[in-house]
Amino acid sequence: MRDLVTIAAFAIAVAVLSSVLRSGVWTTFLMMALYAALLAQAWNLLGGYGGQFSFGHALFFGTGAYVQVLAQTQAGLNAWIALACAVASAAVVGTGVGALSFRYGLRGSYFALVTLAFAEVFRILAVTVGFTGGGVGVMLPLRESAANLQFASRQGAILVVLGFVVAGLLVTAWLRRSRFGAWLQAVRDNEDAARALGVDPLRVKLGAITLSAGFMGAGGAFYVQVFQYLDPNIAFGPATSVESLVAAIVGGIGTLWGPVLGALVLHALAEFTRNLFGDAPGLNMVIYGVVLILIVLFVPRGLSGVGRDVRAAWRLGRAG
Amino acid sequence: MLDVAILLPSFLNGVTTGAVYALIALGLTLIYGVLHIINFAHGAALMVALYAVYFLKNRAGIDPYLALPLVVAAMFALGYGLQRVVINRAGHGKDENILLVTLGLAIVLENLALLFFKSDTRTIETAYTLTTVAIGPATIALTKLVAFAGALAAATVLLWVVHRTDLGRAIRAVAKETQGARLMGIDVEHVYAMSFGIGLACVGAAACFLLPAYYVNPQVGSGFVLVAFTIVVLGGMGSFAGALLGGLLIGIVESLGGLFLGESLGQIGIFAIFIAVLLFRPQGLLGARP
Amino acid sequence: MPAEPLLCLEDVAIAFGGLQAVQGVSFDVAEGCLCGLIGPNGAGKTTLFALMSGFLVPDRGRIRFAGHDITGRAPHLNARAGLTRTFQIVQPFAAQTVRENIAVGAHLREPRRAAALAAAEGVAAQVGLAAQLDKPAADLTVAGRKRLELARALATKPRLLLLDEVLAGLNPQEIADMIPVVRAIASGGVTVLMIEHVMQAVMSLAEHVWVLAQGRLIAAGAPVMVQRNDGATPLRRCRNSRPCAIRPVPSRTTRSPISTSIWKPTRPG
Amino acid sequence: MIKRRTFLRESTATAAALAFPLVGGAQPKPLKVGILHPVTGALAFSGQQCREGALMAIEDVNRTGIHSLGNAKLEVLLGDAQSTPQAGTAEIEKMNEAGCAAVVGAYASAICLATTQAAAKVGLPHVVDVGVADQIVERGLKNTFRFGPGYKVCAQIAVNNLHVLNTVAGKPAKTVMIIHEESLFGTGTAQLLARELPAYGFEVKEIVKHANPTRDFNNIVLRMKSINPDIVIPANYYNEYALLVRTMQQQKVVPKAIYSVLGGAASSYKFLKEFPDAANGIIDCNHWFNPKDKRAADLKKRVEAKGLFFTYEIFNTYTAVRLLADAIERAKSTDRAAITAALESSAFSDHFMPYGPTKFVNGQNTGAQPLMTQVIKGDIRVIVPRDYREIDPIFPLRA
């Protein structure tokens, strides 16, 4: 129950913030931070709770993005219907990849590498096959209206991505409170022990990857609605996969607020370094990389772990 | 399209390109085999080595092939230092942390290069860059043949080190069972650092063979990392002979695939094999059952 | 008409490469009994457990449970049918608390989270873990982990519980504490088959034991007879053709002769 | 150098005389201009070249300042698009926030699409320096102005000029092989060429698409050897182009002509300096300055004095900034709408590009055209069109 209260508080706070913020810089920052949080949450469902590290989540991101734009441009669907198709098709691709790799018992680095390979295959296909527009990419015509899921003001976009993030939080909270979540984390911690207790690892992991892919597809659909251009590299390139996994790990995998916290911190770090050291090209990324290493060195269990340790220490202190 | 005049050169081209891929993959498979992590900084290490070869050639006038021992030693030292100082501390026993550290290192190395060496593409000019050797209908660049010979030599040296020397036994022990090795009195941290050092040394050797036929800029590493992963998996995680065989095979597939399916679709051949091997034979061609 | 045995093994065999781990083992376990499977290390006991629970598929022979042929059926389906096992090397869900660990087992019968957690508390009390419910499993002592392993399996409300050396590594006091726990489980209607080296437990708990050596069943009978090794009832073999033969189960007190060689240490090599 | 400075002094003196002197010595409000390029990430080289060009233009403009605004100096706000549309958009927001009057840049088409869109939302005039994708100016954005040509125009002119060259030389070349990178401009150019060339009697033997980056070109050169096309048309960025041409030289494959469209290295002094013999005879239809205009030569010397190469990124962005400065001069205000209007009605001709007087029709400078250059006797010379011709083309390279 406590989670629901915090999620509601988070949602209201961000919604109010988005209406209060006037400056374009901060509204864009908020939107992109939420977008990064969404990707991290999606990855965390499979990586954090399912224990299956994927290096190719761009596969689902790109599927969602392409379906979102092609459904509108070639099938003439309304943006919101396209969104449903995007999330569904990403989820289906997730189930497909999951079924293939889990059935053959791929775990750990093997699973990570097969997802990397799938993303690369989709990128090459997107380049060669015709309907995705190949290397030329595909444009989403500018029709700013809520019905077309394109917003003149950033606030509309923020509310949409906030909706996805809140949905992600609710699903993660449900996961922590449900049989499916208990089984998923059991399989993560010890697959054989879980099987002896009646858990079917394949079905559970498939559930996790489908959920994870669906949310990643939502992220892809959101991206293309905001930036309105997509090419195979943006859709299936490794950058998105790395961004989602780094934010989730830095924030603390297998936690409710870890991915959101990680995404916020890393996005702030990236913006801060870019603004401060923008003039010397590369310096900002060097600092980003160094801070990333420092975080891993000194906060091994992730930023949200810090919160837990502090609270635990505080409680011990009080009790002691 | 199918006559020998095309197939043979394409095959030879594939084998010689594959040799350089194998050399890069040898380092990666050693690091994966011993440290059980996927080294995301491998591409950045290759870039650093390529710059080293470039500056040795342009500033100090040392030919890439002569610079081999220098670059190999320097990369070994870099690898040993990085593992000892940064990577080993970050582990805390969790694989995802080591993975994140190598990712951080890749970002730092790539952008340091961008900062100091600017971002323009650099190449070197050697007397033999353009000379080619005729083998039947095929004309193969000399640099590629030297690369092929070099890769085989490096692989055999590595195999000898791992199978015939005490260090090699220690490496294999740590790879198999870290705690057990520690009990036998093996300084595991030292072996980790040695493996990472040798891993980057292989990359150094690859750079010396690669630069004469290629170029260097801060982003050059990323193009090779994915192929190296494929080869490591194809050959069998942790197996050197596997990495060598895998490298040659991938080179041939890329070359012939490119010939028949067109250059960019040809790349799909690599990843199709990658997925097939992972699904149907995860232990790869020569690896041990995972 | 006495009920069909809960579990019936017919000529079960499996080999790993050249090694014949289990060679043609046949026996049946009656419902409600608390019996043991003993034998030297490497006799194939744990392998047999893995075969029964579905983690391994036998090369030859049939396994029947509660009237159904479960040969080669996946462990999670067997668990749902009421056959679950613990592991010789304990396998806790380290990152989760004791309560959450047990709840995973409870969820097999109880979809709702709250109900599963409540059931977990009950089972924890049953095995004496009530005080440590909110401790992470990783912080438990060896005895605590063994209790947790037992509790998790118990939470699935099994009909047949396979305990794989649940007392191994415990000190005498901890063993003394665990024996009543196991007895209570059996008296609660759960059929228990346990692999155990701690003879004190086997003698006091098991009504019937089977003795395995080098993959072969070499003796069966009441533990006291087996110990005095003056011959248990000759080995009974299930007829392969008909489902497991319905035969009067020897009453608990009958004496069963056993060959004298049982207790001479098997020659090495 | 001295001669140049006197030249500048005279021209500014005449301009000052015409301008209406601003009454009162109030310190003119600083006029902020955003310079946005991908200086990190995959496009770092081109991004940094663009930035150099922009800074030099600002330096020249600030020597005299904007007369109509009391010689106000242009204040530069540098932005790094990090080779991604997201970072580009974030920088546009930052520039808008900082009160920029206008933005120049973004170099890559994918980034320009995002930055022009974000700038349009806040009415920020955005001058596109290089981005060749035609969608950039086909979305009816009022704030977007592209000074250089789009790839459709380039491809069109390239096809026409090839036809002219081939006919004049007695049609020696017939078969064509197109090698392009799988990026927006590569694929777009190749598709257009493949559609247009047959109409002029050329036979497109094969279109080869390659990844970016490509590790090895021996394969493609092998196919080239087996097909033996008369003309090889590469459309890719510098790294791949240089590797391709070097491999061709290595394999001794010499087609009748290497005829690139928007080639990354074909008309690049860097490639010429590093591989003089490999570059010899290569024809390129690309962004190029008016060879007869002395100012271009002066700028080239200045660039090379800085140890840089005089590439299209530099002179395209340089003139784009001068275009903006001219518009601000005529707008007589730092108000964005006024600057946008000034840009729209711009007839800017005081520049060394072969575009003649500027005329924007929904954002595209109609006079913009690529020039055709050929590497002859160690230098890059313009060969087509006639009024900019420096030297007669050598076509075909071999009989």
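Lettered A, B, C and D in written order, each chain numbered from 1.
The criterion applied here is as follows: a residue touches a chain if its C-beta (ideal position, glycine included) is under 8 Å from a C-beta of that chain, and two chains touch if they have at least 3 such contacts.
Keep in mind that what you see is a predicted model, and the values were worked out from it rather than measured.
Undergrad: Which chains end up together, and which apart, when subunit A is taken out?
TA: Without subunit A in the graph, we get B, D | C.
Undergrad: Among the chains here, which has the CA centroid at the largest distance from subunit D's centroid?
TA: If we average the C-alpha coordinates per chain, C ends up farthest from subunit D.
Undergrad: Would you kindly tell me how far, in whole Å, the mean C-alpha position of subunit D lies from that of subunit A?
TA: 37
Undergrad: Based only on mean CA positions, could you tell me how far subunit A sits from subunit C in angstrom?
TA: Each chain reduced to its C-alpha mean, subunit A and subunit C end up 45 Å apart.
Undergrad: Taking each chain's centre as the mean of its CA atoms, how far is subunit B from subunit C in angstrom?
TA: 51
Undergrad: Take the average of all CA coordinates in subunit C, do the same for subunit D, and state the distance between these two points in whole angstrom.
TA: Distance between chain centres: 79 Å.
Undergrad: If a residue has to touch 2 or more other chains to count, which residues of subunit D qualify?
TA: Residues 40, 44, 47-48, 182, 209, 211 of subunit D touch two or more partner chains.
Undergrad: Do you know which subunit B residues sit against two or more other chains?
TA: 111, 114, 119, 218, 262, 264-265, 267
Undergrad: Which residue numbers or ranges of subunit C touch two or more of the other chains?
TA: Expected reply: no residues.
Undergrad: By the touch definition up top, name every chain pair that qualifies.
TA: So the chains that touch one another pair up as A-B, A-C, A-D, B-D.
Undergrad: Applying the document's contact rule, which stretches of subunit B touch subunit D when the two form their complex?
TA: For subunit B paired with subunit D, touching residues are 1, 5-6, 9-10, 13, 17, 111, 114, 118-121, 123, 125, 129-130, 132, 139, 141, 144, 214-215, 217-220, 222-224, 227, 254-255, 258-259, 262-267.
Undergrad: Could you please specify the touching residues of subunit A with respect to subunit D in the complex?
TA: For this pair, the touching residues of subunit A are 23-25, 27-29, 32, 124, 127-128, 134-137, 139, 141-142, 152, 227-229, 231-232, 234, 239, 271, 274-275, 278-279, 281-282, 284-285.
Undergrad: In their shared complex, at which residues does subunit D touch subunit B?
TA: Listed in rising order, the residues of subunit D that touch subunit B are 40-42, 44-45, 47-48, 182, 208-211, 213-216, 218-220, 222-223, 225-226, 238-239, 242-243, 246, 249-252, 270, 274, 309.
Undergrad: Could you pull out which subunit C residues touch subunit A in their complex?
TA: Touching subunit A from subunit C are residues 53, 55, 74-76, 79-80, 84-87, 91-96, 100, 103-105, 107-108, 111-113, 116, 152-153, 155-156.
Undergrad: How about subunit D: which of its residues touch subunit A in the complex?
TA: Within the complex, subunit D touches subunit A at residues 39-40, 44, 47-48, 78-80, 82, 84-87, 89-90, 93-94, 96-97, 110, 113-114, 117, 121-122, 135, 139, 181-184, 186-188, 191, 209, 211.
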